[in-house]
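Below is one structure, written out as structure tokens; the observations come after it.
Labels for the chains are A, B, C and D, by order of writing; each one numbers its residues from 1.
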């Protein structure tokens, strides 16, 4: 997740607050770079925002009016401080820093070309490719950024801090979210609107697909299009990834989840005594499901929020005895009841299988599993760390087979059509004048951008990717960091 | 919170898992002591269980069959490793370790008497008083423990590891919970049943008020009464403190909370569009309230679970702008609606006031505050860190004044009678044969144990304490640790 | 080593400087306690003074005029922070702190008696025995200290911080050194005079055997004798342990070592081309030896001063190849020469053996080993961590056998008589008027204090101990800390 | 300092031992890179070798036969882990690592040229310039290294780890030392011979000026000349920097220092009672001085070896009182005597001034200062961190003025001619057949290489530098790291 703000005296401090709101988008590392016309300071650390960015780290950034920040959720590259962002670079035209959310699908090819041409790479990060592309171009930094971004394919949102300005870019498909706002009169940008809200700011609009915007203490420069838009927004942001209080491209994440639950009942009702959800992300879908069916909703699983990086693992012997630290069934709700269990998605099936068994052990007489999205059959190449295809249960098994595998009495998935219906905007999307051609309106739409006709990327459910995919996602994740 | 198990080869490891389930009872420090007939090892650390008790700390405890553990939630004594528990002591009769949950109300007087008699205290902890009382008695350790406990007043659950055995004790009022179970054939004891369930064990019964039990690898010794029972169980465990999947003295915490919500509607209904709860502890009461009234329930506040000891504080300037990191209102649910906000209790009123303001800012047209317990008017002397009396909003203001202070459109509290009704047992309490005289049956019941006639301690709501209170809670918390 | 000062506003800071000068007396842990009439703060840490006592640790001690400090060189008790000193204790009469250098030979017996009487011990340290003895006496703290010290046997120097005063005590034999001085008008005490000199102070006199003195901001109270003096000062302080710039009981450590070297030549000359010493402690003795014989002295071994607690160990394979990190022979000096190698003492013989082999490998044609003290045949019970008797090479082998074992061409030890002659005072010892009866003058001198007739303890060379020895030193060092 | 070895199974471990011997050449950070034909692992850390390179850091390097190491003594670049070496780089032809001792005098110019050409620099280190030069060349890595080194000016010794081989290079002047040896049949290279000796290896010969050698497990490839030699070896290595047991270019450091002392007596005798040296580096020169004059030599100053990075600083008040932690005068030697104080060099004069005052305070009746090298009048540009010219006392003052400034009774410096005489080889230098043209034999010798006619660089004494100096040393050290 990324965050940027231009103007306030405590820019770095505000970015840190924003990153705190975006913490769910990356718990591995966090960093901030802050600057003005002549100076650039940066700090990166491993762990959560509170650990990675202690107060003293922000001391040297005091009174610098431009700041960008990043929380990292590694999809490629090892989990080391070297790969934490924003990454700083000394270019001939000045010192810059780049924060990048998403995945560049042609990064390996670009990197090989640059290395053959004498470039020395320091990290495993896609981000460094952008800097090297910029270093080899001439002219003002903004023009060099524009040239570099044109060479990129994939799904990404970028924030680039240069002397005196911050540039933010969203990929031409709008695969990764990027929203613009104002806090105390200063322009800011963030991966999700919840970051702007937490700062007490107002959300102005989403960045359009393929749009580059420049934020300075003086204001925001008019939009500039890097590439022709081919909208294919990521539905998984709404299904699972984003925070419920965010609104992305006009769609409230919370309300969309509730609608997914309601439509799931319409497609797959269940004759049960109680509906429960898997905490925390599926509670809303479960509530929508129960409300649509007029069935009681209740808390059926207690989640421990203490589980984190200092996680204690039950020993092998304890696992055999069924020690499960994260989720505990609430026997008083489950015992002797027919239960509908709602989860937001089904990826590998291991969690669902374990929970079904827990519920039966707690006394459930029947367990009906309902999934508020279609079966995941393909890997994501755009920065959502779903699993490799070989691990996706729905890549090999059909619905009855999955049902048997997880041990449920019945199983139902939301259809793609119902998913798209649930994703209808709650408010009109605001991408700036004429920025968004809307679904299906792009004359360039061709073979490769599959789902783009809907305006959404559902590739993980359909296998139809909006960009060329030269290198399999599996290969990249296996790449051993040196 | 305390945890103990006698018998398994991995006793320390099982205690650690149990402590993990009890983490909500103390996040400040954690420790484990393990032993057999001749050896005793202990480790204590600051922070959560996962940090305080890393794998390597348990290495020397491998194959020791007796283990007790503790998570600390400081009520008296400074937050330092010195005060972490279990505390080990070298007595003439052998090395022991003591874990203690609760508060000993005559600890200061006992300590002064012991110091005058030549005892040297190393910690601020009440626990050390018990060891010094034991050191001055003669005979077998169990008899000395019995003698020491008889001198104590207050609310407590103890686990004492001695060579070859673990002794657990519950105070004569049953103020602090203590439950017995079996895991893989081995007897265990814990502050809450969720710890036994997480280990895959079976909950056998609650320890009775004033009961001392001895656990060894060979089994559990028959009960022995330390003092005549005067039941006065803490209702605040069910209202707020305990985990929802625990069952304490036969009452399911989750179901009791739901009943509190339902009875709250009966006493204080509200003409609203949506009912929301303060996450996480009040969601169930809110749901019970909404269900009883037939009003829609929804998620109205998003809680960040990343906030912990590495908390980042918004700066003064940001607080003025309303930066609130912990709870974010969900505008899509709140905006334009009349809202009933349900909280489990009202202590200082500061949180409620802030949330009411947040909801209004997010567009709520009306905010009706409902509290699923009576007003807190008195300090707790038995280990629940409610505030000093001077900070309790209901100690000085009546309901209309509180309503005005927090800025709500209306305010309703659950009555004490309704609270007691909600606390009716879900299953018959099992305290062993003849252990529990039941409410009102104690012939000793006199002036000082006030609420004891109900079998519950509601002193924080009524000011009627079940034990003599010589020293004000305020004084003790102000006591500067040396 | 211990250090104390009474009066200056920066007492703790001055003690830290003093401890720095005493660092060679203990590298394991360091601590400071500071106070005034009502307050006592203390801080202890593992490692060297600079690590264990960082600036921030001394912050709360600012402006407290009384301070005592300690550097620990463990002889009994495990190497943990629990055993670091000064140890603080809450007695009925006030909070005190005790710093203790040396060894109490009847500590185990005293401890057993106290435990049987209800005392609870927290540490393995002898020091805690003193506190418990004090806790069981009544009256003012100074009188209780006096009573406690009378029960102690062994060699020790104590500093005890009480409300408003510091008391320092030296054992009745003067086994451990203790010197008094003045810094900027304020009285101080230290294990060695180098600490007082480093503070720019003046050395006033040594504490007499069995003397207790009280330092306050107002001055030093007249001497008070705890026990009848039986002087038996430790010669090993001058041979090896003390810093060369210290003067102990009137004897310059540096000059004594030089005289030991000169007398060693008189007793055991050598026909060699060059004399070298083992750095750093034996360089002076080697120089004295060479000067007395008119033979060239040179640097023959280069010592790495980087070796410390972060020591890297050569692997087994490397040790076989002769990798030796600490001492490197200087081939340009050694090659083709007949070498006399002077060491201050010979304990286990392993170092000497290794160095002799190194010298031969570097080209020495002959190696004549000369030891500037008698053979060590017995363990020390008074705080010098020489080895157990079973490890002492001279306990089993005679001089020709040792010579063969270490591989030298010849071997000579300084005689006890020559050692005593080298220890003649350089300046008249000042112990206060009438405080020191001088060698042999004590009418109480009896069987048990062996060497006391010389005024020196040479027990490690002679086996004649100045105190009863109930428990073998071996047993105590083997005692596993709980 | 650098260290390299090719062949043994525990190459990294051996390099660590070697670095330990070179610790005096850099205490700021340490690192090791190890590899074979296909793999390269590296680890760098702050602090001494024992801290920076713990055992676990070398685990992944086990069984890799090629290893290079580095200890850093910063002359340019900030003291951060980023600047620690060896620095790893991913070049198109493979992954390499570079360790570099010394200073590249045209690094800033080279860097600016490379940045303008699109290179992105990550560190402040000169070393990165070499990698970027290599990245822009084509062909095998060794040829690219050769091309890169040809562009460098200054004094340096390099070790470059490439797939399957280690290349070591010494600058054309031989300004920085580099010696070759064999350990257990495997070739190694090190900044000083003491590293090879500590490994139990044999020193084979010095690398010649301008020589590049390739070490592989199969042996050492015949020499190849990068540039025409212009010998100008650094005399300061022998005067102060190198370890006494090293032999550099055939000159024993220890014996050279002794000869400097002897010649100093010949030029500047003194009528004194005792000669003392400043420990540790000047003790030998002092001994040579005393021996030449037949005057007693003694230890006059006790140095604390505990002073390091955890240094405690006396407070301002204490400094006024004369608290001096590092060096303590030995009053028993000084008091009432006329003293000659010998130091190896005089740079800023502050230490000498303080010591003279300390000696007088300790009772010296006269203090005659003797310096075993000429006055330092110019900054070093080749990696010895002498001070900026503005801080050099001899840059502004003549000998009588300096004498008055430091408060000595007389002052004498060794002449340049005597210094050169003391640097005569002890053994014939071995640089391989025909490698070393010897002093004055280079037909290229021109204006710029000043002292090169002697074969030694005495630029810090004479201001005659052997290379062009475009940028003042002052400027570079002031350069604020970004």
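In this section, a residue touches a chain if its C-beta (ideal position, glycine included) is under 8 Å from a C-beta of that chain, and two chains touch if they have at least 3 such contacts.
What you are looking at is a predicted structure, and each value in this text was computed from that prediction instead of being measured.
Undergrad: Spelling it out: a chain qualifies if it touches chain C and also touches chain D; which chains qualify?
TA: Both-contact set = empty.
Undergrad: Which chain has its C-alpha centre farthest away from the C-alpha centre of chain C?
TA: It is A.
Undergrad: Provide the C-alpha centroid distance between chain B and chain D, rounded to the nearest whole angstrom.
TA: Distance between chain centres, rounded to whole Å: 65 Å.
Undergrad: Measuring from the mean C-alpha position of chain A to the mean C-alpha position of chain D, what distance in angstrom results?
TA: 52
Undergrad: Using the touch definition from the top, which residues of chain A touch two or more other chains?
TA: If we look for residues of chain A contacting two or more partner chains, we find none.
Undergrad: Between which chains is there touch?
TA: Once each pair is checked, the touching ones are A-B, A-D, B-C, C-D.
Undergrad: Name, in rising order, each residue of chain D that touches chain A in their complex.
TA: Spelled out, the residues of chain D in touch with chain A are 40, 88-92, 95, 115-116, 118-122, 131-132, 135-136, 482.
Undergrad: Give every residue of chain A touching chain B within the complex, in rising order.
TA: Chain A residues touching chain B: 10, 13-14, 16-17, 20-21, 23-24, 27, 47-51, 53, 184, 194, 197-200, 243-245, 247, 252, 254-255, 280, 283-284, 287, 291, 296-299, 302, 304-306, 308, 310-312, 314-315, 317-318, 321-325, 328-333, 426.
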